[in-house]
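Next come two complexes, and both contain subunit A; in the first it sits with subunit B, in the second with subunit C.
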Partner chain A sequence: MIKNNDIISPYQISMIVIMTMIGASAFHFVHDAVARSGNDGWIVVGIYGLLNIVAAWLLISLNVRFPGKTFPEYIQEIIGVIPGKIVTIIFIAYIAIITAYEVREFTEVAKMFLLPRTPTEIIMLTLILTCVYVVRGGVECVGRIVEITFPLVFIPFFLILLAGITNLELTNIFPLFRDMPNKFINMAPDIPHAFFGIEYLLFYIGFMGKPQKAYKPVTLGLLFVTGFYVLITFIGITAFGADAVPKYIWPLLSYIRDINIPGLFLERLDGVALAIWVITVFTTIITGYFIISYSFSKVIGTKEHKQYVLPMVTVIFYLALQPDGLAQLYDWGNIMFKYVSGVFMYLLPILLLIITVIGKRGGSRNEKA
Partner chain B sequence: MGLFTRRKLAEEKKDESQKIKSSKSLSENIGLVKKYLKDCDDIVYKEFRVGLEQKLEFTLVYTDGMIDRDFIVDSVLGELMIHAREVPPDPPQLKDKLFELVRYGAIPSVEIKEIDNLDDAVLAILTGDVILFMDGIEKLLVIGAKGWPTRGVSEPSTESVIKGPRDGFTETYRFNTALVRRRIRDPKLKLKQMQIGRRSCTDIGIMYIEDIAMESLVEEVQRRLKTIDIDAILESGYIEELIEDNSFSLFPQVKFTERPDKVAAALLEGRVVIMVDNTPFAIIVPVTVTSFFQAAEDYYIRWLPATILRLLRYIAGVVTLIAPATYIAVTAYHPGILPSELVLSIAAAREGVPFPAVIEALIMEITFELLREAGVRLPVLIGGVVGIVGGLVIGQAAVEAGIVSPIMVIIVAVTAIASFSIPDYAFSNAFRLFRFLLIFSAGFLGLYGMILMILLILGHMAKLKSFGVPYLSPFVSFVSSDMKDTVPRLPLFLMRKRPLQTVRDKIRLVNNRHLINQLEADAEASNKRRDNSDKK
Partner chain C sequence: MKRLSLFITLIILCTLLTGCWDKVEIDERIFVLGIGIDKASEEEKNQVSDRYLVSFASPIVGALKEGGDGKVFDTYNTAGETFTICLTQMLSRLEQKLSFEHTRVLILGENLVKDERLFREILDSVGRAHEFHKSMYVFVVPDKAHEIFNVEPRYSKLLAMYIAGIADNEIYSARISKMAAHEMYNKLLNQDGSVMIPRLMAHKDEVKVAGLAVIKDYKLIGYISEEENIYTSWVTNEAEGGIITTKYNDISIPFRYNEFKRKIKLDKVENNKIYITLSMETEGEVEEYIWNKQLLEQENIHKMEKQLEKEVVEQSEKIVKKFKDELQVDLIGIRDYLKKFQPDVYQTVKSKYNERFRDDIVINVTADVKIRRVGLLE
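And then the complex of A and B:
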């Protein structure tokens, strides 16, 4: 029979991009964007989004040189076996921290809006264990679940956003284009936080049959993500005004909470929105989780990754428990995303690409084969 | 060595020499057969003599009740005993060519073949064929005269339609294959037969259309069927369990049907159908989640109502899965979601109910499942009583006694009705069980728990494959042309390609709708011409 295990389609790649990038942080992102760039936040985000597409292209062009290989495999070809393994382990640690951060952030949001009396640990454990089940299914299962959950999340979510359209005050976006350079510079450190997830492509494109086909879906995926961020930032600004948005921790949720349509069956939509949002957090976690267990198995040198999935729960659970509360979580997250993420998202791939091009690795090897 | 072991060995080694050869002596042959079939009192040995001089000794062996007696009396015994005497004796020819005479000239049967070993003979006897033993001749004749009591072709009771063919499969394998063959008169429609079950020797047929179904799929089905080594196959469910991909999943990974039109449609979509003797249920593989929401009728009525009905079915699927769980999650954890008036009325209805919402839901759901289970196996006459007990005693009395709230009763009723709208029985069973899991998770963690459980179910479905085809396709491994026959059922002329991904001959229809307008225009033009010529 057609045993196409370990292959994901181009369509699934764009879904992985979307569902990874848009996660728990989207609620908080509006706060950051408006706090840094004021009423022009949505424009700045849009332009940074387009820049990220270029970054993603560079990343893909690295992958194209090693068709059918994922990051932990080809990095050993580029910089040698032992250094490659060390870099991979650092990468794993970074993704583990990000995943733990996502788990904790969502747990805090869920605790605030959905389950005020349930212990944090229970919410976290149930979320992680659900992810474990899917991750054990391998990359195909990850690809499929991401694909099937995409419409389940975004169709209702856009409907909910649409329901509050009467609360928007379009004049809030004015005055446009004041002091743009400063706004760009202010926003820059927050960009890795919003667009983290392109580094995941280093791993996932290796599962595509032909990496050259990744350009289009990744671009489409990133356009969707950029559009989504522009939309929610725009909604935040027009709903509350640029001055008020930073006062909310999760402006988007507050906006949804304020939606009140007479005659609608549901009165407060934030619960529903959050319930749906569980899914995107879930997908963000599984894409990271899969990379952790898969790369770990590659570093150790085993074929299967399944057996490492369950033990990894302890690591992620432990990491997610470290912050004392929301404030500390966001402090640490800021440090993490401002100073560390950029290295993995932009610096490392570009460095590797330069080494590959100068050292003429990858491509020549491929020709021989 | 026993009969079964020998047969198995012969099959494995493809070595006919393992089987016991028949000998020239009639008495020896019959003696051996009688030894095999000792204490089988339904086996009949009919001895008779043939020829003017009554010198040729023949014996017919068959199983009583499994053959067509009239046919044997008219066409075999009548021909050999009576008509053979009318022919003037021609001894030299008779002696040399007795077998050929009987084989080709004497018995007017459409189904006749020769064998030369007793193992096959015994099997043929037990299958319902008649064996003719002739003294002095090594070869045996198998005369097909199957005629056991059968049920006529009737409307399938599990998949009835308002519009559409009313014939359904029966317990007789041969009728079933004929019903399918009648619908597809294509030489490419193949039927590969095999026998499975050491003791039952059940006929199994693999049907597929050669240039549509993927070769690898057909091979995989055959490979899986060949691995089966069991004493008996009593129903196609046995086959399902032995060849399905994941035995521990709640979801069915094959589809059963009693309808020949469904089988024909599946064949034309590149699927493989497994027919099993003694059951009206054929197996269709591979299946995806969408096939369980499709009813045969969807394709026999116009596409717009069909799409709406199908949409309704999908909604019913969602309702039956999450309705009680949502009620629990909302009332117990997030009453703020609902408008305050609704919260108040729910609270008023629940006043005096001593249980938490989870227990309330469990009581009612389990009661309902009990009623349903009781109703399924009861004779029709008592069945009505179950309705009364369920409706009046449990429903109304439970509400009046204050054990459950009326809203809960409504939810359970809606859930029940919704679960009946899923066309496939096996699939709706899966949903019934998942409903309970969702009730527990909603009771434990509210909406959050519910969503996690739904993700778990989705994750499970994402893992599942049915004969190499992802269970969730075409929603996953997205092919846009396959979406035309999923939630919507688009007009036939738009479904130009066969829906399954694993087919070779992709095009099923050439859209010639524009020709209709063309023809009308042509007709008009020719009419005009005729009018003109008439005038002249």
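And then the complex of A and C:
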């Protein structure tokens, strides 16, 4: 079913988790977290991050029952061929929309800071077309690109964050633990937005040699992502104060922009940060894009997915062009991530897991028995 | 044939796939080092609708390279209805493009800061525009902001760098205050539209950072004098280094500190009144006395410390009184403290905070001064 060379390593799985989840939304995320949960936002995010690890374990335990198979294949075993194909199509549509969302959000920010005169369409097309090249290479290529880009993104990014450390006012995190239940409830709808990407595991774990080896790398990957979100939320709160953060659309970017390194040739670091950020957006798009074209080929029933990659450009491009502007993009994104993401991230996998367990389906269980 | 088609493809690729819409070469940029914003007066208006007078100071790169005595920076003034219009108008008068990546100072004229509406508009446009970064220093000028740029500093060539350099001296003298724009924005948001912005005074061939402009509800309500600036930085915990002078045995002794800490403590809440203690802690050295008299003696030093403590308490109480009774706005960080460390108490005073600050918060000051060193002589 899967060609011999289409295998990704446990390390690559954890990189896929990290590079998918940390994408265009990372800058805006701080705004959401602090707007909902105030000065305790970083604690709330951390705890939700840990809960998402549990959710990811559920996804993996579903996958473990079908070794060597990916979501579009085993869903047909669980709920039947035709319903399986329909669910897969809906899933693809959802991933196409969030991929387009990423493309558009990135384009809006890049256009404001870096490329004010470059047409939106050109920025989007170059971004998508670059991804096409990677996605055509197959899952191995995707795995390798996230593996290579991970240190390229995070080492400089942490150095940049470090440079502004004198702007932080640590007492801003006080008072701690006030009104926590409300803060948790307020934040809950925004959690799928921050942690979307775990549903991608349904597709990628199937490419692993031994899916049961996925627990550890996925847990590590999610711990990294959680740590990263906690760090940037913490920086946002301490740099601006809990009341001021929600005034900025991209608090993290504003924080980086306010850093002043005296006497350095590169006096402003936001350009560097944005350049690095391009890569994280790029990898987020690639992992989503691969799922779209791969699943599509499974739904149609062809062996290869390559031929679908290029035509898909039009779909993503079209979707990305739909919002009128940043305000509408965020409105639609809120609806999408609040109401739809949760279904694919938590509800659908749990449902499938229940059906599988009750119906005693799935290969590995039989092997064990 | 194959080679030819390859060649043609390459040529076409080179011309079609390269290119950049947003390229601005470095010699096409004018680096604006200082921005001044004023409310436009009647004679400065070109049109009736003009509201702002914006001035830019930028270095003349050629003159800088040659050295010499000529003027090395230039100022451009432009009036317009909104800030962005002012920026765009400059394009019709210059061959280059304005670049704000290296802006050092933002200077606001008094008339602008007195006008709540205009001040809020400027705050928004500087905060919102993506061209600006917020590590530049903000100052308020008692008269017109653009007049600052007419000063030809004696020792320094670039005025904006000169001003920024003075502001950086705040670590040695509590008389000087500096405020980066991002601090101003954070304070405005966290203190309900009140903030203190350093005041800049222009003289013929120098400028002086002296005193603070007090802004309450986005409006200038008064100034803190240069002298009071010292005490203000004590009570706001922003003092770093400086000097306290006192008389001991009829001899003036300057006590130089490199560290000044202010701590707030809530003592009690009684009868709706909140009792708060500000405790000042500082340590430093005395390097001036009178010839042939001994300074290095614990008892002497102890007495001196007492004297200095008295001075600190006295002056701090005076400035606290000024904030409470005269300015009626809490800029000394009591609100911040209550919010962060006494959230239950803060809930009770949250509404109409400034009135509660004036009437119901009782502030007591204590001081602890330590003379650690006395210089080279005994």
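Assume the second predicted complex is superposed on the first by the 359 of 369 C-alpha atoms of A that agree within 3 Å, B and C clash if a C-alpha of one lies under 4 Å from a C-alpha of the other, contacts with A are read in each partner's own complex, and residues count from 1 in each chain.
What we mean here is this: a residue touches a chain if its C-beta (ideal position, glycine included) is under 8 Å from a C-beta of that chain, and two chains touch if they have at least 3 such contacts.
Here the structure is a predicted model, which is why all the values come from computation and not from measurement.
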**Message:** After the superposition on A, what does A:268 contact: first (subunit B), second (subunit C), both or neither?
**Reply:** both
**Message:** For A:115, using the defined touch cut-off, is the partner it touches subunit B, subunit C, both, or neither? Pick first, second, both or neither.
**Reply:** both
**Asked** When the two structures are overlaid on chain A, which partner does A:178 contact: first (subunit B), second (subunit C), both, or neither?
**Response** second
**Request:** Would you sort A:9 into first (subunit B), second (subunit C), both or neither based on which partner it touches?
**Result:** first
**Item:** Winner by number of subunit A residues touched, once subunit B and subunit C are compared
**Value:** B
**Message:** Once chain A of both complexes is superposed, is A:70 in touch with subunit B (first), subunit C (second), both, or neither?
**Reply:** neither
**Prompt:** Is A:282 touching the first partner subunit B, the second partner subunit C, both, or neither of them?
**Reply:** first
**Prompt:** Touching A:137 in the superposition: subunit B (first), subunit C (second), both, neither?
**Reply:** first
**Asked** Which partner does A:341 contact after superposing on A: first (subunit B), second (subunit C), both, neither?
**Response** neither
**Request:** Would you check which partner chain A:240 touches, where first means subunit B only, second means subunit C only, and both and neither mean what they say?
**Result:** second
**Request:** Please write out, lowest number first, the residues of subunit A touched by both subunit B and subunit C across the two complexes.
**Result:** 114-115, 118, 267-268
**Fill in**
In the complex, subunit C touches subunit A at residues 20-22, 101-102, 130, 133-135, 180-182, 185-186, 189-190, 336, 339-341, 343
**Fill in**
Within their complex, subunit A touches subunit B through residues 1-3, 9, 11-12, 110, 114-115, 118, 122-123, 126-127, 130, 133-134, 137, 140-141, 143-145, 147-149, 264-269, 271-272, 274-276, 278-279, 282
**Asked** For subunit B, which residues count as touching subunit A in their complex?
**Response** 214, 216-217, 220, 333-334, 336-340, 342, 445-452, 455-456, 458-463, 467-468, 470, 472, 475-478, 502
**Message:** If we count contacts the way the header does, which residues on subunit A are in touch with subunit C in the complex?
**Reply:** 112-119, 167, 171-172, 174-175, 178, 240-241, 243-244, 247, 254, 257-260, 267-268, 270
